[in-house]
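Common to both upcoming complexes is subunit A, partnered first by subunit B, then by subunit C.
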Partner chain A sequence: MKLSGFKRELCGMILGLAVLAILPVFIQDTYLRHLLIMIFVYGMVAASWDLSLGYGGVFNFGHLALFGVGLYTYALLTKQLGVDPWLALAASGGAAVIAAGLMVIPILRLKGIYVVLLSFAFSQLILQVIVSQSDYTGGNQGMVMVPALKLGDHNMMRDKKLAYYYIALTLLSACLLFLRVFVRSALGKSIVALRDNEEYAVSRGVSLGRQRLLTLTGSALFTGIAGGFYGGYFRNTSTDVFGIDLTTLILSMVLLGGRATIYGPLLASLALTLLSEATADIGVWRPIIIGAVIILVLLVYPGGLAGALTAGWRRLSAMRTPRGQGAAINKVAS
Partner chain B sequence: MTVLGQILLSALFQGSLYAMMAVGLALVWTTIGVFNFCHGVLMTLGAYLAWQFVDPEALGLPMFVALPLALLVVAAIGFALQALLIRPFIGRGDVVLVAVITTLAASSILKNGTLLVWGPRPKSIPPLAPDTIALGASNVSAHQLAIIAITPVVLGLVWLFLNRTRVGLALRAVAQNEDACQLVGMNVTALYALAFGLAAALAALAGIFFGGFKFMSPDMGTEPLTKALVVVIFGGIANITGPILAAYIIGLFEAVSIYYVGFYWTPALLFAVLIVVLMVRPEGLFARSSRGLA
Partner chain C sequence: MPLLTVESASKSFGALRAVDGVSFSVEPGELFGIAGPNGSGKSTLFNLISGIPFGPDSGRILFAGEDLAGRKGHQIARLGLVRTFQRETAFDTLSVFDNALMGATYGGKGPVPEERSAEALAFVGFAPADFDRKAAELSVYDRKRLMLASALALSPRLLLLDEPASGLTKPEIEALIALIRRIAATGATILLIEHVLTVLLALSQRLMVLNEGSLLVLDRPDVVVRDPRVIRAYLGDRRHVA
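The block that comes next holds the complex of A and B.
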């Protein structure tokens, strides 16, 4: 039963990715492709955050710092040390994982708001280190002329972003598969158990420390890689990625999309990136409108977009036969 | 002035500003149980509204009318924010998380709203006291001294309010046990509004302090909010005396570190110390582990 459920999900995933893979045939416009690339990048970051925030219940407010770690790892390695861009991309994921591992140490014993505060402090620490090392990192100015990703002799500048599109899509697919397998595994289940009833889960032999470490490092992997890709794509870095604005945007993707779904944040990344671009011409009104939309959606749909969709879907499928334990329990309860 | 004197003066001055910001954050956290990321932008609004009331180009009211008026208006804004952003989510299991994102979103709205209304040109409001005072060999601005003197008075009044008046005691009671308060017929909704309004007014006062010695910009609240966060983490958010002490300690730490270690390393050092403190005492240096005021 469970296997067939995952097989079905896998089929849906492959179908969705196949649609995205042939999309560039119809979308020739460079700008639209750029938008899709941004949706993929933000989607990766938001979906990864969903692993620690939604499934793990660990409110890691320094998630975007992991993105920044990936970004600066890529930029420093390629520009200052001349490392091959692909190697640097892999290293950016590794560096983010290490950073997340370090971050876990202080928050291991903490709960609730203290996790928020400490992970925030941690992200500020990373930011301050980057700013203070301005000889290498460019400080507050950031770095420019960061080497781009290379594909053999292919000219990445003149293909209307086709190569970047497929790289981003490949990374997104790998990220999505990784996250879904993670949360469906026994490990993922134990993480949810820790979130829902920590004492009981621990008493049943789930290791809080190890599981938290795996949750945060798991959420860091593709966040860091996304950061590295971001560096190779834009070819510059900025300390803005540590700022409150990007955190707000990505966090609202997680919350608007619906927590503990992985797909929800991807969906919200699509919606919010498009909204953000559609309102690009109206200057200061843009953040005002986006902020208002975030608040309104949270007021009307507490479960986010995915919550609204699954509620509709459940209603539909409940008209047929009740499936799985959840539906059965719901039925008994009602 | 001696090095020691300069370090102490800077510590007291920065500590006063940090304390003024941090107490409001702690007040909201203890009574409502949410973290208010609008706090920085409330400070910005306080400064801009004070400018609006006092500046000859705008309304040109005298200081003693304009400043209290600005505090009142910001308190009202805080009240409205609370009703819009936090009140509807109270009782939900994820209220802490949702409040983070709603207050972040509102802070973005208000920040850009400020930019829209007052424009990007830097402004400043007149200092509380215009002169400089000779202290030993060097001159110190009277505005800074005024801030150092006023802050303990204001914070002392807040402490008295929370500990010696019926309404203040009610606020602390809500902080300790909301259900019981509801059972004995206290108006919890009104107390929430009061806590938020009071916190907003304190933030506005900090904004007026800032606007008197630095140029104002719509983004001016971000850094003080970050510092206030550090202060409440350091001092513990479970009461208001912890953050006040922590504010002065951090002011001193920064002054010493800037002098001996250097300007660029000070923030990194501060955050490193902070993380170590939290590892040893997660609930902050001066806090008992329970949530309660004063």
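The block that comes next holds the complex of A and C.
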């Protein structure tokens, strides 16, 4: 039986998530589970950024501000207003979508470096609002004792992070499904069309403003939810999420993973988090080594890790093709 | 009532007046040619009519009696005023089918965009086996055909073709002429810019020549090519006839 492209992808996705679902049976260590949770969170943010940057070609450098909006929405709603953590988690996605909608207005008809500058300025504006409202947000000090997520009477502090692992995995699954359905839809193709040739796409009836709005709000949804989850997981907030360090890390994941792939940034989140852990003891050499590895991978495989995997799979398929058949294929191709 | 009426359309870039008070109208079902030397304002005129990427500084453009002032490019395309571009433009990373689907989904009318895309692709000569190919893999002529298919997928009432024959070989030009004739035979109104005079003479019912942004001559093609003003615009005053 031959499956269609999307069904095959869906089967692969379910298989991958099933493997991740049984992983805690073998990984009992709390810290390793924590690392996996962070991989899922960063993977959600990076894959969502890939929607606007990779597929849409919009150089939105305010993406991490949407993560920050989700984080502070969760913290403010739960701590200052006593809202249920799960409602606050959903609201964190909604708030990020609204923030992305506001961010679109000034960058609607801009291109390239101007989008970078304005989206970065937008991110700094949100940071300044948070810092200025220190009575509620804790200013530069951030907020502590943020209410955690709750699962009935289950004690999430004493389960070696098992509950948080599954919550993060569920959110990641929903995020991946949302992004893949988005990019495979006519809407997803239209944002690629705008990236490929803006004037041509407009001449075929594609609205630049509407599609850009949907691209950025679509990329904001799970970024905000990831921010909300981050708040419930760490139980504190910090304005560091608006800083250049986290932006650089997540952007590295998008580029190393391979633009316009969705799965690539998730893969890069895994690779960079593990590499970062493996080099934790070598001090200042750590960022140098990580940077060198990223450059090396992108030099050899400009399509990133997803490109490397695709190339590997093609090579494997070619090796499995019977010799005579391969020669016949080559003859036809030539 | 004319399908398209252009009234004193003008566009300037700084001190350069690219289109200078051009007026003309196109009747439904007409194949209307536009010629002129390089820099005469032909493509700029297409930009003004289609609103992509800009409309006129002054003057009016009426499509089926409706003033296009203030309408965005994608809205004008959805009215059925559809253009192609001088270069063989395509969405390179999308498949042949998805290229056509963009027009059918966002600019076309009717319930099944996939069917209209397949029909448009078949009309210009693509076989179903080509539908999954990436547009970037296509030859220049195939990309031109694909651009036409994506325009036809919008079911256009007025088709603006900007130098469709540029960069093509002689057999390809002949095939293109036959294709444009088939499009015209469906009742479509076509506005055709072309440098290759044989294409314009073979297809146009009326021919307009622009020079330095202004309308020089508008008449039947056989009359236009003999007009001394047109010969002067193309060859200059001090031509030598052997």
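Definition applied: the second predicted complex is superposed on the first by the 310 of 334 C-alpha atoms of A that agree within 3 Å, B and C clash if a C-alpha of one lies under 4 Å from a C-alpha of the other, contacts with A are read in each partner's own complex, and residues count from 1 in each chain.
In this text, a contact is a pair of C-beta atoms (placed from the backbone, for glycine too) under 8 Å apart; a residue touches a chain by one contact, two chains touch by 3 or more.
Note that the coordinates shown come from a computational prediction; the quantities given were computed from them, not determined experimentally.
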### Message
Once both complexes are superposed via subunit A, do subunit B and subunit C end up clashing or fitting?
### Response
fit
### Task
State whether A:E9 touches subunit B only (first), subunit C only (second), both chains, or neither.
neither
### Message
Just checking: does A:D240 make contact with subunit B only, subunit C only, both, or neither of them? Give me first, second, both or neither.
### Response
neither
### Message
After superposing on the shared chain, does subunit C or subunit B touch more subunit A residues?
### Response
B
### Message
Just checking: does A:R204 make contact with subunit B only, subunit C only, both, or neither of them? Give me first, second, both or neither.
### Response
second
### Query
Once both structures sit on top of one another, what is the angle subunit B-subunit A-subunit C taken between CA centres, to the nearest 10 degrees?
80
### Message
Quick check on the superposed pair: does A:D29 touch subunit B, subunit C, both, or neither? Answer first, second, both or neither.
### Response
neither
### Task
Could you tell me if A:A292 is touching subunit B, subunit C, both of them or neither one (first, second, both, neither)?
first
### Shortest CA-CA distance between subunit B and subunit C [superposed frame, angstrom]
12
### Task
Could you give the residue numbers on subunit A that contact subunit B in one complex and subunit C in the other?
none
### Query
If you look only at subunit B, which of its residues touch subunit A in the complex?
29, 35, 37, 84-85, 88-89, 92, 94, 96-98, 100-102, 104-109, 111-113, 115-116, 222, 226, 229-230, 232-233, 237, 264-265, 267-268, 271-272, 274-275, 278-279, 282-283
#### Entry: subunit B-touching residues of subunit A, taken from the complex the two chains share
53, 59, 61, 105-106, 109-110, 112-114, 116-118, 120-122, 124-125, 128-129, 131-132, 134, 244-245, 247-248, 251-252, 255, 259, 284-288, 290-292, 294-295, 298-299, 302
## Note on the structure
subunit C residues touching subunit A in their complex are 50, 52-53, 72-74, 77-78, 82-83, 85, 89-94, 98, 101-103, 105-108, 113, 150-151, 153-154
### Task
Sort out for me which residues of subunit A touch subunit C in the complex.
186, 189-190, 192-193, 196-197, 199-208, 260
